[in-house]
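In the two assemblies presented below, subunit A is common to both, partnered first by subunit B and then by subunit C.
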Partner chain A sequence: MRLIVHNMLTCNIKGVVNKFPLRIEAEKVIKKDVDFNPDFLRHMLAKIEWKALVDGARSMGYTELPDHAPALESDEPFLKKFHHALLELNLEEGSLVCQETGRKFPVEKGVPNMLLHEDEV
Partner chain B sequence: MKATLAPPSSLISLPRHKVSSLRSPSLLLQSQRLSSALMTTTATRGSVAVTAAATSSAEALREGIAEFYNETSGLWEEIWGDHMHHGFYDPDSSVQLSDSGHREAQIRMIEESLRFAGVTEEEKKIKRVVDVGCGIGGSSRYIASKFGAECIGITLSPVQAKRANDLAAAQSLSHKVSFQVADALDQPFEDGIFDLVWSMESGEHMPDKAKFVKELVRVTAPGGRIIIVTWCHRNLSQGEEALQPWEQNLLDRICKTFYLPAWCSTSDYVELLQSLSLQDIKCADWSENVAPFWPAVIRTALTWKGLVSLLRSGMKSIKGALTMPLMIEGYKKGVIKFGIIACQKPL
Partner chain C sequence: HTLLFHSAVPVASLFGEIYPPRNFRRLPKTAFHQKLDPLAFNLQWTVMSEMTSRTADIMRVSSHREVYEPCDDSFALVDALLADQTNLINHNPKLCMEIGCGSGYVITSLILLLKEKLPNVHYLATDTNPIAARVTNETLQAHGVSAEVVCTDIASCLEERLAGLVDVMVVNPPYVPTPEYEVGMEGIASAWAGGENGRSVIDRVLPVVDRLLSEKGWFYLVTLTSNYPSEICLVMRKRGYASRIVVQRSTEEENLIILKFWRDKDEEGVDKETSSESFMKQFSRSLSSFMEKQWR
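Take a look at the complex of A and B:
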C-alpha cells in the first residue's frame, strides 16, 4: 500500500466520526522505484491531505518531508521527496488503525483489508 | 430532482409500474431483515436467530465469493486474460472469433459502456475513478491509462487484489492504480470523491441491491457518473409479482455455483437510482451483444489446456464450468439479461 492510497482510506465502521486518517503501524516497508512525473505530482499536491501524508511517511520510516508543503511547488528537491513518500514507500505488512476505535485493518502482501465485521456495519 | 430517461434507440422501454420496493427477490431480502427487526418486540430468541442467520449468511456469502475468486482467478487469467467480463459483439455475429477477437470484444465492452454513459466527451473531468468489484484490475488499468486518472479498485478476494497490484506494477501504472480488499456495501472512502464510479459485472454478487446502489451514489462526486453493467433477470410485466417458478429455479442453480445471492431486474436498478435523485438515468439491454460469450468460454474450457487447468484449479472452478450452459439457457429463454444502467449525480 502506498501513501497515495492511504490518503484516501477511511474507517467505515458505523458511528465513527474520526475516520481519517488511519494511523499506520508498519511491520515491513519496501521501497519500489516509480518514474518521476513532476506534472502528476503538482496535480496531486492540491488533493493530498498533507498532515496525513507526513505522519504516514514517518510511520514508515521516512522523515524528510516538511511539516507544510512549500509555497514554491516547482522546487524540485521538494518534489523528489514528495514523490518518494507518496509513491515509492510500500507498506507490505502492517496495520491501518482507526484513531477513534483502535480497530486494526490488516495490510498483507501490500494489500489493505478493509472488510468490516458483522457488528461494525 | 426529476430523473429523465435519455432518448431511445437502444433503450428498452420500462414498464411503468409504480415504485414498489418489494417487487424483486433481492429487494425482498432487505424487507425480510426489516420485518425480523420489527419482530423483536414480540418474540425474542426466535427473531434474534432469524436476524443472526441473515447477517451470518451475508458473511458466508462474502467468504464464498472471496474463495471462489481466490481459486478461479488464476485459471481465468491464464485462458482469457485480465478482463473478467463479457465481450461486446455485434448482434448475430456468427463469426468464429480467435482468442484475440474475444479479448478485443472485452475491451470494446469497456468502451461501449463509457460511450453509453456519455463519459468519453468528458475526459478531462475524470480525475478519480473507483472500480467496484475490480477483479484483477483489467478495467481499472484500462481506464486509468485512457483518462490519465487515478483509479482505486476494490474486491473481496485478497488473491485478486495482489495480482491486480502486481499487474499494475508490471505495466508501470503503480502511481495511478491500486487495489484493496473491501466490501462494496461498505466502501472505505469519504463521500463524493469519485468522478466515475464503475461496476462492471459485480452487481450480481451484491446481496442488498439497495445498499449497494446507496454506496455507489455516496462515493460519487457531484456531477460524477455511475456505470453499472450487470447480469439481471428480465423485467417483470405489469401485474407480475415474481418470476415464474421454472425461471427462479434456473437462476437458483446458477446462484449457488457462482455465489450470487439473488437477481434483480434492470428496472429495479433504475428505480433505486430514481429514488436517490440521480439524473440522466439511462439503461439498455445488451443481451444480444454478449450472446457469443458463454459458448466461447465453454469452448476454451473444453480444450486440452482448459480441461487440465480446470482439474488443477479445484471444485469451484469445475462446478463453475458445469454451470455455464445454464447461463446460455437463461439468455436463450429470455430469463437472464445483460444490462447497463448509467446516470449522473446532480451538482
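Take a look at the complex of A and C:
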C-alpha cells in the first residue's frame, strides 16, 4: 500500500465521523523506484490531503516532506520529495488505525483489508 | 507460441465492429504444456502470439482454490478492452480501476494494453475476497506491473475521497442468477452469486461507479442476457450515461454482453450519442437477432 491510496482511504464503520485519515502503524516498509512524472504529480497535488500525506510518510520513516506544499508547484526538489513519499514508499505489513474507534485494519503483503465486521456496517 | 483460433467465424457487435472470438476452454494449466501439438486443431484453445503481450499471460496468472479463475467472461471483457484499445489510448486516462479483480487477469491485461503508449497511468483494484486481493498482487508481480490493491466491499472505503476521479472503470460482477442467500457468501461463491436475475451486486455497483467516474469516465461491465442488460442501460441512462455493446458472445453456458457506458455530454470519439429512444430500438433489435441466432 502506498501513500497515494492511503490518502484516499476512509474508515467506513457506521456512525464514525472522524473517518480520515487512518493512522499508519508500519511494521515493514519497502522502497520501490517509480518513474518521475511531474505532470501526474501536479495533477495529484490538488487532490491530496497534505497533512495526511506528511503524517503517513513520517509513520513510514520518511521525514523530508515540508509541513505545507509550496506555492510554486514547479519547484523540482519539492516534487521529487512529493514523488518519493506518494509513490515509492510501500507498506508491506502493518495496520491502518481508525482515529475515532481505534479499530485496526490490517495491511498484509501490501494489501489493506478494509472489510467490516457485521456489527460495524 | 502459435496463434490459433477455435473458430474463424467473426462475431459482429452492435455497431458493426467485427471482432474474432477467442473461445478459450478452461483447461488445467498442465494441459498447455502437454498439448502444444499443431496438428491438434480439434482442441478448443488459443495461445497468444509472442509478439502481442497486450494481455495477461494465462500461464502467469496466479491461482487459489477460493479465487475465480479467468474464464469466458474474463476473456470477453479483455477482448472488449482490446477492441477499444485505440480509443482508450486516445482518451488518455489518468486513473483506471477494477472492482472485483479476482485473479488479477483483467486489471493486468488492462495495464499491459495501455502501458506502452501511456506509461504513467495509475491503477486501482478492489475485491471483497482477501485471498483474491493477494492473488491479484501475485499476478501483477508475475507480469512486472503494479496496481494498488485494496480488499473491500465494492469501493466502500474509497468512495468519498475518490469521487469523480476514475477515468476508466472495469467490472466483471457476480452475475449468475442464484437464490438471494448465496450472495456475498465467503469464498469463491461470492465471485458468481448474483441473486435474483443476477442483479444483486450489479445494482449495488452502479451508483458507486456513477460516484467514482470522472466527467470523461468510461465504464465497462460484463452482463448476461439474463441480467436484463437493456434495463441496466435504462438505469444508467437516468443517471446521464449513454451506452453500447462492445462485445457479445455466446458460449455453451452463457450469453455474454459486455457493455460500455460514458457520460452523455461526452463525445466518445467513435460513436455519437444516440437518443435513448433510438438507442433502445437498436439495442432491442440487436438483442433479438442475437437471441434468435442462439435458437438456431
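Definition applied: the second predicted complex is superposed on the first by the 121 of 121 C-alpha atoms of A that agree within 3 Å, B and C clash if a C-alpha of one lies under 4 Å from a C-alpha of the other, contacts with A are read in each partner's own complex, and residues count from 1 in each chain.
Assume a residue touches a chain if its C-beta (ideal position, glycine included) is under 8 Å from a C-beta of that chain, and two chains touch if they have at least 3 such contacts.
Every value quoted in this text rests on a predicted model; they were computed, and no experiment measured them.
Peer 1: Please indicate which partner A:38 is in contact with in the superposed arrangement: first for subunit B, second for subunit C, both, or neither.
Peer 2: After superposition on chain A, A:38 lies in contact with neither partner.
Peer 1: Based on the superposed arrangement, let me know which partner A:7 touches: subunit B (first), subunit C (second), both, or neither?
Peer 2: Touch status of A:7: second partner only.
Peer 1: May I ask you to decide whether A:118 touches subunit B, subunit C, both, or neither, giving the answer as first, second, both or neither?
Peer 2: first
Peer 1: Share the list of subunit A residues that count as touching for subunit B in one structure and for subunit C in the other.
Peer 2: 1-2, 4-5, 8-12, 19-20, 32, 35, 37, 40, 108-116
Peer 1: For subunit B, which residues count as touching subunit A in their complex?
Peer 2: Interface residues on the subunit B side: 55-56, 58-59, 62, 150, 152, 154, 156, 158, 161-162, 165, 169, 172, 174-175, 178-183, 185-190, 193.
Peer 1: Can you name the residues of subunit C that touch subunit A in the complex?
Peer 2: Per the stated touch rule, the residues are 94, 119-120, 122, 124, 128, 130, 133-134, 137, 146, 148-153, 156-158, 160-162, 165.
Peer 1: Show which residues of subunit A lie in contact with subunit B when the two form their complex.
Peer 2: Residues 1-2, 4-5, 8-12, 19-20, 32, 34-35, 37, 40, 87, 108-116, 118, 121.
Peer 1: Which subunit A residues qualify as touching subunit C in the complex?
Peer 2: It comes out as residues 1-2, 4-5, 7-12, 19-20, 32, 35, 37, 39-40, 43, 47, 49, 108-116.
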